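Below: a set of structures, written as structure tokens.
Common to both upcoming complexes is subunit A, partnered first by subunit B, then by subunit C.
After this line comes the complex of A and B, so read on.
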């Protein structure tokens, strides 16, 4: 019996399970040993794929390009080689025009060991996403790994055409530990796991409209969720950006005094905000739809 | 001179019996016996010839190295031939040690320490499959080898042997000389497994004529690394306790000869010697001579010139080259490698050291401390021998005599006859991980004794041997307490916010502090706020070890190509994990391994794991590259097997 949890799977397992069987072909594979020169210089363990697997395949027979970050290797952090592999994939997407480019994100952000090279890599990823989208490529971020989606990768995810998350996924700019370090434990207790998920987890992001498709945390959930997002592509137009800007302004106004996800949910009209983390995904989605309609 | 009864009795029955055993072996194995040498596949038959039912057998299980091949072989003897053995061994470490009892090959056990097998041992005792004679300290068990528990057969392990049976034990000599001495000179059988047979051993640790048979084991013996503590995990609180210990005990008494227990508390002391102790001007005055395993954390103190000599119980994987390069400090042979000896080092720690300091799990109001936990029979090892006053000691030293003077004032009246006293220090933070209090009204050891039917609770260090307790709250000097009530308050007075500490009588505690029985950091002129990891001489293993990654290469000839060509990668370079890349390569049928690992000094373990892997699959024309991040052998073996499965394409999802 193979486990089907997206959260616990490795990057390679995720690709195999998300794409159509036997359709994946890797680019710049591990046998090429394109490892991080910075980690080598620091005498730290390297990975043959530098923590990201890239390649092509099909999803429901439609051609896709895919990148999957390995959250287990230095927290999925983006280094120079790692970033270049993702950028190369997105540039290929502009030439090949697949049905979508999929980013399975599992990353704490920039790889601090690589300093400026890592920061530049992240900014290049963001630029490549926007360039590909303006060429009409649909780019879908899927977030549901143990390292979450933070820092520069949080910005990158927000730049994608659609974000697919599980409840276990976490999406934010600053990670819990970073907020606590910068602003104190009174501001944010990073060891309060429930608080972390109430402010950064998939359900909360869905209610705030940062997440477009909320799925169950198993492989089938992500496969179906990504396919659904591919069906409803968001194009990068001035109107879409203005709509988004208006949504953000409205959000700032309505929730500016909220201290916790629970406050947000109460304001949104959830009758029992403390039960939000407990309800199953389908019940949650039905309730959210009813509240939005109201 | 007529003594007919004496004339009728034979006085060499053990020698006669030994000869019978050897004749049985010769007739059954015939020309498969090559002098002292015997092949691995013949060992089970040999054991069936030379072991008799009811024999007292020592199966060498040390704290670190294990006669693992012979242990496995002994589990395969026919129980109708070999049964009811009485096992006498210091450490019950391997599953095979207990398999013997499940298979009814052995029935009785005398031992010192069971560590990882403690839970299963407790279950087997409850099921009446094992009768425990007694649980000893090392020195007690070793002593009984020469009194009433002399092994009839000893199954031991060494690094190498020559054809004459001379053994080289390498740095991990440990218990071997003592076991062989007790067995060989009482007409016993000594069988040694060795990692290799050589024409000439680097040095003779055991003379060949004490050894009956030698077998080359298919894989190198297992050695457990035990003493390496990553400085990165030492806390500021441990730094504070170490500062108080150095200033309030080591400097105060002038402790020159000592032993440290294993743990982060004592590693912190070791790493403060070249920084904090140096700043107090203590070089040459404290910590000069040690009975201690080669702790990596002591390297900075050695390099700083504090340490003049160290005798070791065993060795530590990864420290071999460092030790060999410092023969002035360590006990080394003419071949350059260390010779350890657990029995002698235990003796040195007991009689020739002025101080023992160690951590514990629980301390009660009498100062008794215990590491026993429910549902496990863990035993003692050596700590009680170190952490006990040596009542037989007669030579004086500054520290010993001063402690003796303090102890003689106990209960308010001075003894006329001067006598010294060993310093026995327990160092603990008041709460352990998960907020478990280190101070308790009643030790779990009482329940352990009840549930396992032990004659007395398994106490590691008895309260009347403890002279000082060090916590983050200060030092309690138990020798200066005049009544048992005072002693209890002295312990409560350093027990912090534990329930025991909260129950203190504040006035009595303040009074004890006025008298110097309890000393806080500020009483020692230590600013607790200055306690910081910045003071540690090394803050990571990398600081201790120099360069970080170790590159290992192995090549095995004689494999078979499986025809696969697509490279596969399995696993992730996460902490405690690794990735394995397997790909075809033209290597004349060989299988080549390239390994990068941050865990330095484990080449022997890697070699053993990789050899077993090659023996399982015999892959040829394959290159296997590994990026390791501190994976255990079990994980390495699992990933390797998964990689082969993927590579061969057997795996179907």
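After this line comes the complex of A and C, so read on.
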């Protein structure tokens, strides 16, 4: 069962297969019919969970709180109700102190149909993540769904304690279509899937250290990767941010002239950067580790 | 479903110098470097650190890093000094190079720096004095303890034509909605009603700043304000239900 693809699964399937068997209990489930008033006002389809499933369970017997966005409903985008469920889960984490709060992100960011309310909802998620981290809660972002992790959710992911991704995962601030619409196809061809992947895909993010754990795209890969990330808690301190700031400043110096993922990988010492997309995850991770050590 | 398409601007940019002189009649040493403002100002007998953006700045990797760097420097060198974020931004820079370099990390570092400042006892005030858009406002003024806005400010996730294109809702319908519904129009008064903007700053800006400093609190209370003001009725209630249900 656990070899099912994370990419193709629904939010509920992901939760059931990543947590310990039969451990999940949903909070404010679909029977409560918490639908979006803004989608209703526009006479658009609604979902009884507003596109996000939240609840509690265990992972390797440790208590966790978990939220999973449903990429199949408005691209997993965040509206008022959807955001409030995630914020509530993170507030609960501040009180319950689980081993971790897990965010299975599959989202284009702000739900444009809710415009201002969606923007504020994403802001409240970011603030709730940071407040929970300040209280010592470990928060893991897992990214590997068809809607990726874009817009304000990209900022939210970078505010978490750790990011777990599969190769197919995409993590960015602006989506390819948004960049293409603003500056044309010469700036970014959103239909060039290989280019999109080289710019924001899992392997590239891992090599730049924007992803902490890169996993195979099956459920067992994510389950193991999330468990590994929970073992290495990162605290939000001035010293940690000063180190991150120095790392990001170095990145700008080293890669200032890079225009493509391949340029970045070559600079990092990959002798044949064009092969990076082709190698299996385990081989890739071994090579990346060897290059980091060198 | 993402971020901002807004690059055009409506009308002339607000002159940051006049805003700053109204905020700090007791004096300031704020300097401009490109689209970045940094420095300090005196208000109510107190010294504030100021970091800001001008000319509807597009927040790319460099300016985002510089903003975070300045906040971290203040936290390191001036423990407890209140921070003012003076924001005029068209949102994150929409370029392939920024995404290649991981711009989400750079923008998030501003939010995280603000959180660490807050944790260490700094009050953090945001003021949207012109434009506040998408990732640019999420990471800055919306990460502050208290966010104010000037009456002519515009806050939005995307302009209406772009929103119509992506949501496939006719622009005329969105325009009609934005007349009736605070959810769609960029008018900062709508954001007051929805709790994300504490108040509109008018008249004596130095007094507004002092009032904001007095109201600053570490916990995010925007959903509560929204319920009190009738702008977002579900956010706080549903969050509470998820947080407290047995």
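The rule is short, and it goes like this: the second predicted complex is superposed on the first by the 291 of 294 C-alpha atoms of A that agree within 3 Å, B and C clash if a C-alpha of one lies under 4 Å from a C-alpha of the other, contacts with A are read in each partner's own complex, and residues count from 1 in each chain.
Throughout what follows, contacts are C-beta pairs under 8 Å (C-beta built on N, C-alpha and C of every residue); 3 or more make two chains touch, one makes a residue touch a chain.
Keep in mind that what you see is a predicted model, and the values were worked out from it rather than measured.
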item: Contacts of A:63 with subunit B and subunit C, given as first, second, both or neither; value: neither
item: Larger contact residue set on subunit A - subunit B or subunit C; value: C
item: Contacts of A:277 with subunit B and subunit C, given as first, second, both or neither; value: neither
item: Touching partner for A:45 - first (subunit B), second (subunit C), both, neither; value: first
item: Touching partner for A:233 - first (subunit B), second (subunit C), both, neither; value: neither
item: Touching partner for A:83 - first (subunit B), second (subunit C), both, neither; value: second
item: Touched partner set for A:252, first subunit B, second subunit C, both or neither; value: second
item: Touched partner set for A:10, first subunit B, second subunit C, both or neither; value: first
item: Residues on subunit A lying within both footprints (that of subunit B and that of subunit C); value: none
item: Sites on subunit A touched by subunit C in the complex; value: 27-28, 32, 34, 37-38, 41-42, 54, 74-75, 77, 80-81, 83-85, 87-89, 91-92, 95, 107-124, 126-128, 130-131, 133-134, 147, 150-152, 154-159, 171-175, 177-179, 181-183, 187-188, 199-200, 204-205, 208, 210, 236-238, 241-242, 244-245, 248-249, 251-252, 255, 258-261, 264
item: Subunit A contact footprint on subunit B (complex, rising order); value: 542, 547-549, 567, 569, 571-574, 577, 579, 581, 583, 596-598, 625, 627-629, 653
item: Subunit C to subunit A touching residues, read off their complex; value: 1-5, 7, 61-62, 65, 68-69, 72, 75-76, 92, 94-109, 111-113, 115-116, 118-120, 134-135, 137-139, 142-143, 155-158, 162-163, 165-167, 169, 177, 181-186, 190-191, 194-196, 219-220, 222-223, 226, 232-245
item: Partner subunit B, residues of subunit A touching it in the complex; value: 2, 10-12, 16-17, 21, 29-31, 33, 43-49, 51, 70, 72-73
